[in-house]
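Look at the two complexes coming up: chain A is in both, with chain B in one and chain C in the other.
The block that comes next holds the complex of A and B.
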């Protein structure tokens, strides 16, 4: 360091400063557009009612004209059925995404092309662009598009999740592959192994713990997406939450939310144990 | 038997090889080396002398900056590698060269048997490359088991490799290189993590396996006494040059001391010329 040099902000400090300034400007702009308001008495009452309902979730349908034909305890069976469908949709969407995402991730990585003995050129760029295009549209927007094209079918929900998830898998997998330790893979190359041998015996096994851990995390995201897709009419937990909310059946709504919470918590416990085993 | 047929000129020949790292520092400087089929030699020298670089050039993993290396097979086929040789062309050659890395370079997540089998990927078809990863064939399994038995590791056959101790992993690395059944066996400190008795046993095994196939065997060893006891030929390396290359019985203790003191280089020019056949 040169003594006596004039103090200057580092590039990083300037970028962070600019982001903060822009954030403040954005917040100010939004407040000018619609100033924050204190909740009305009615608003407080409604919020209080909802929160009180959280303490007394119900297993039986709440009274109302639309409860006709729903028996005692049917809320829990509805919630469990919806939970099962939520998991099914999530698993199907995630598996389909993996099926596309892994090959696309390989093609978007640098190490894959080096193992093939080629420069990562146009093919890699295409794979990266494709994965960016797939994931730049959120699964809810894909759902809107696919609903219009295919109608309300199970396949629509699965595709809506699988498309952006494949793009995300491709992006994250390509980075994990490039960062995985590769000295063993190059040892295989040194012993005359071909590209397929190097990928299957060296690259993938070395990266698999990270890829697996990420895929399990992604399953958790898929579970949430799958639930939210219920807002569009798919028979997952989100559907029942939306219906209960619209009918002002807050206690029923909380039952469904609690089931959702338990489901995600169970997956979290399971995935944490897997991660410990794989990544160490 | 192949060793008996092996005439002069078969095997590995290095001529005037230099190797510069990307930063310009010179690791090898005008090295000449002949390693005939079936011959056995140890590389000795202080750390940083260029032993590892020399082995990597011999393995065609690294291409010489100048000079050339040549490998002549029993059927008369020749592979030459020099500056600018494309690494991809060397695949057939590399499947002939077994290499034991100083830091093992095993795939930690694979089982021991898979790491051993991976030594022979160079000669597997696309189908058996996939098949043997999922479910190794019976013949290969038996062969790997017998090899591991000789290395006293047979009970670890299906163990995950990263669950093994350093010494055990080193023996798996040796097993992988032996399983490759190459014509040239190179080893960079192959017994550094083993206790003395086991080190000797493993080196004996490597020599036997190489001799059985008429393969040449070149190993770098930091333990000079071990090298003297087990190897008929010593190649002293210092400062990127060959300081001496002679039958072990002709290498004096004074020479070895000079090699490790760092003044072995001064007499190396003459020794190198004289030492080569």
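The block that comes next holds the complex of A and C.
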């Protein structure tokens, strides 16, 4: 009984209650503006068609005026080409983000400034704010901005992914660096190594498995983002999904979605086994 | 002496831990990355054409608030009736009103979706836990206590809870949103349902793992004293695991705020919708302003979630 009473009045119980109350309030607030709708008959029919199409994805374009010029079996080749570009964009975006995220992460960490023998002052605060600003805007919104500024070019998609990812890398890397074992840096300092030597041979190697594991995980996210960026007209899988959806070609849509699921699942298995090896 | 140390360094180097799988993987990754930059799909050169930079200049001009643009073009203060500052203020007030409403709706959507997902995950997480949802909860694992039928029943409960969670999180949120938009038309509830479904799947799985990772001895002790399943859950499992659950909840909520902003682009009157709308009308000043509002919302969400997670970590018991 004492267990129960302590729990009832603890901080966590109040947070639970607050979440539920706020959820109910927010639902009520949302209902004022947009009353919940029950699916109409048309809605059921459309959704049913969409689900049925999941069982019969197609390799040949479905009939429609916009299928002119698309041959038999071209859906799969479209999907595979788009999958290859999806991977290309993800790798390029992730590598660019890593290039900027690692230095920014170092500057945003406490241990880096300790090794340099300075107080983590304005520079660290600037790095942290910069990384927060970069990652506070979703990659799709960066894509919207960059599309307006630079126009539709595949490099735009890579930049749109690289900017928020660099911010996320900086934040996570700085935390990982601060939490990594720092005994090697003390040993190096005792042996007379300079600050740079301590960073390169003490700090980074000790944190490398964690950093690598996170980078590989982030590559998974990049693959998904790169697919979704297709909604804005970049030639990745999302483009074909959106086009098929808008033309009500649900069977084509599912072909593209299945290619995407397989691709993401393969990368996930691979990256999970890598991460298990590196961080256990 | 010097020779000695060199030899021992050599020996250390030769015997360093090596892992073929990791090496091959890294090599593959590097080759693929270099290939992706060089293959030409990216049109990197396209970013440096001259007309792009004139485009960027135009963009930098057009994201200025509209009264400022007018001012810059006409070069005169005021166009007969009012000065620049009142017009700027009118612009700001007009923008801010709509942006605040859209931001508010986005926030509401994320909160509703996460509360629903959390509720589902509490039940789903317990139902897919190996220890709680078994014929002999926290039992001594001696098969004599349970009957075959009840074991089968609880296996079905667990498998269906896990299967449901797997299915829900395997469907990406935007695909789910497509589906719900087809079902009930473009409405905030389509996005809420999509986000709630995806996050319920993720939270169920994380929640079940957290329950199974608890130290089982306390539950077993209560079991030994004759407590039944619900009593153990209420007195031991929920109080102990609640901290973990809330950590996961806030971690997912952060992501959910972002997604709610973006999913509005499917035609729901949240921030994303107005961003898309301003983009379609080529009103870049409004677009950038709304995007910045989204950024502020996300930063606030991050801050709140970080604060709550720290408090939760510090509050033991």
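The criterion applied here is as follows: the second predicted complex is superposed on the first by the 259 of 280 C-alpha atoms of A that agree within 3 Å, B and C clash if a C-alpha of one lies under 4 Å from a C-alpha of the other, contacts with A are read in each partner's own complex, and residues count from 1 in each chain.
What we mean here is this: contacts are C-beta pairs under 8 Å (C-beta built on N, C-alpha and C of every residue); 3 or more make two chains touch, one makes a residue touch a chain.
Values in this document were obtained by computation on a predicted structure and should not be read as measured data.
Asks: With both structures lined up on chain A, is it a clash or a fit for chain B and chain C?
Replies: Because the two structures are overlaid on the shared chain, the partners are seen to clash.
Asks: Counting only touches as set out at the top, which of chain B and chain C does A:37 meet: first, second, both, neither?
Replies: Second partner only.
Asks: Given the touch rule stated above, what does A:91 touch, chain B (first), chain C (second), both, or neither?
Replies: second
Asks: Under the stated touch criterion, name the partner, chain B or chain C, that contacts more residues in chain A.
Replies: Larger number of chain A residues touched: C.
Asks: Of the two partner chains, chain B (first) and chain C (second), which one does A:136 touch, if any: first, second, both, or neither?
Replies: Second partner only.
Asks: Tell me the contact category for A:208 with respect to chain B and chain C: first, second, both or neither.
Replies: first
Asks: Touch test for A:184: chain B only (first), chain C only (second), both, or neither?
Replies: Touch status of A:184: first partner only.
Asks: Answer with first, second, both or neither: which of chain B and chain C does A:55 touch in the superposed model?
Replies: The answer is neither, since A:55 touches no partner chain.
Asks: Would you mind listing the overlap between the chain B footprint and the chain C footprint on chain A?
Replies: In the superposed arrangement, which is not itself an observed complex, chain A uses no residue for both chain B and chain C.
Asks: Quick one: which bits of chain C touch chain A in the complex? Just the residue numbers, please.
Replies: Residues in contact with chain A: 19, 21-22, 25, 29, 32-33, 35-37, 39, 41-44, 46-47, 52, 55-56, 59-60, 105, 107-109, 111-112, 114-116, 118-119, 170, 172, 174-175, 178-179, 182-185, 187-189, 192, 234-236, 238-239, 242-243, 246, 249, 258-259, 261-262, 265, 269, 275-276, 279, 284, 287-288, 291, 294-296, 298-299, 302, 308, 311-312, 315, 317.
Asks: Show which residues of chain B lie in contact with chain A when the two form their complex.
Replies: Interface residues on chain B, with respect to chain A: 59, 61, 87-88, 91-99, 101, 103, 105-110, 114, 118-119, 121-124, 126, 129-130, 133, 176-177, 180.
Asks: Given the complex with chain B, which residues does chain A contribute to the contact?
Replies: Contact set of chain A toward chain B: 117, 183-194, 196-198, 200-202, 205-206, 208-209.
Asks: Applying the document's contact rule, which stretches of chain A touch chain C when the two form their complex?
Replies: Touching chain C from chain A are residues 3-4, 6-7, 10-13, 15-16, 19-20, 22-24, 26-27, 29-30, 33-34, 36-40, 43-44, 46-47, 50-51, 85, 87-89, 91-92, 94-95, 132-133, 136-138, 140-141, 144-145, 148-151, 153-156, 158-159, 224, 228, 231, 241, 245, 257, 261, 270, 273-274, 277-278.
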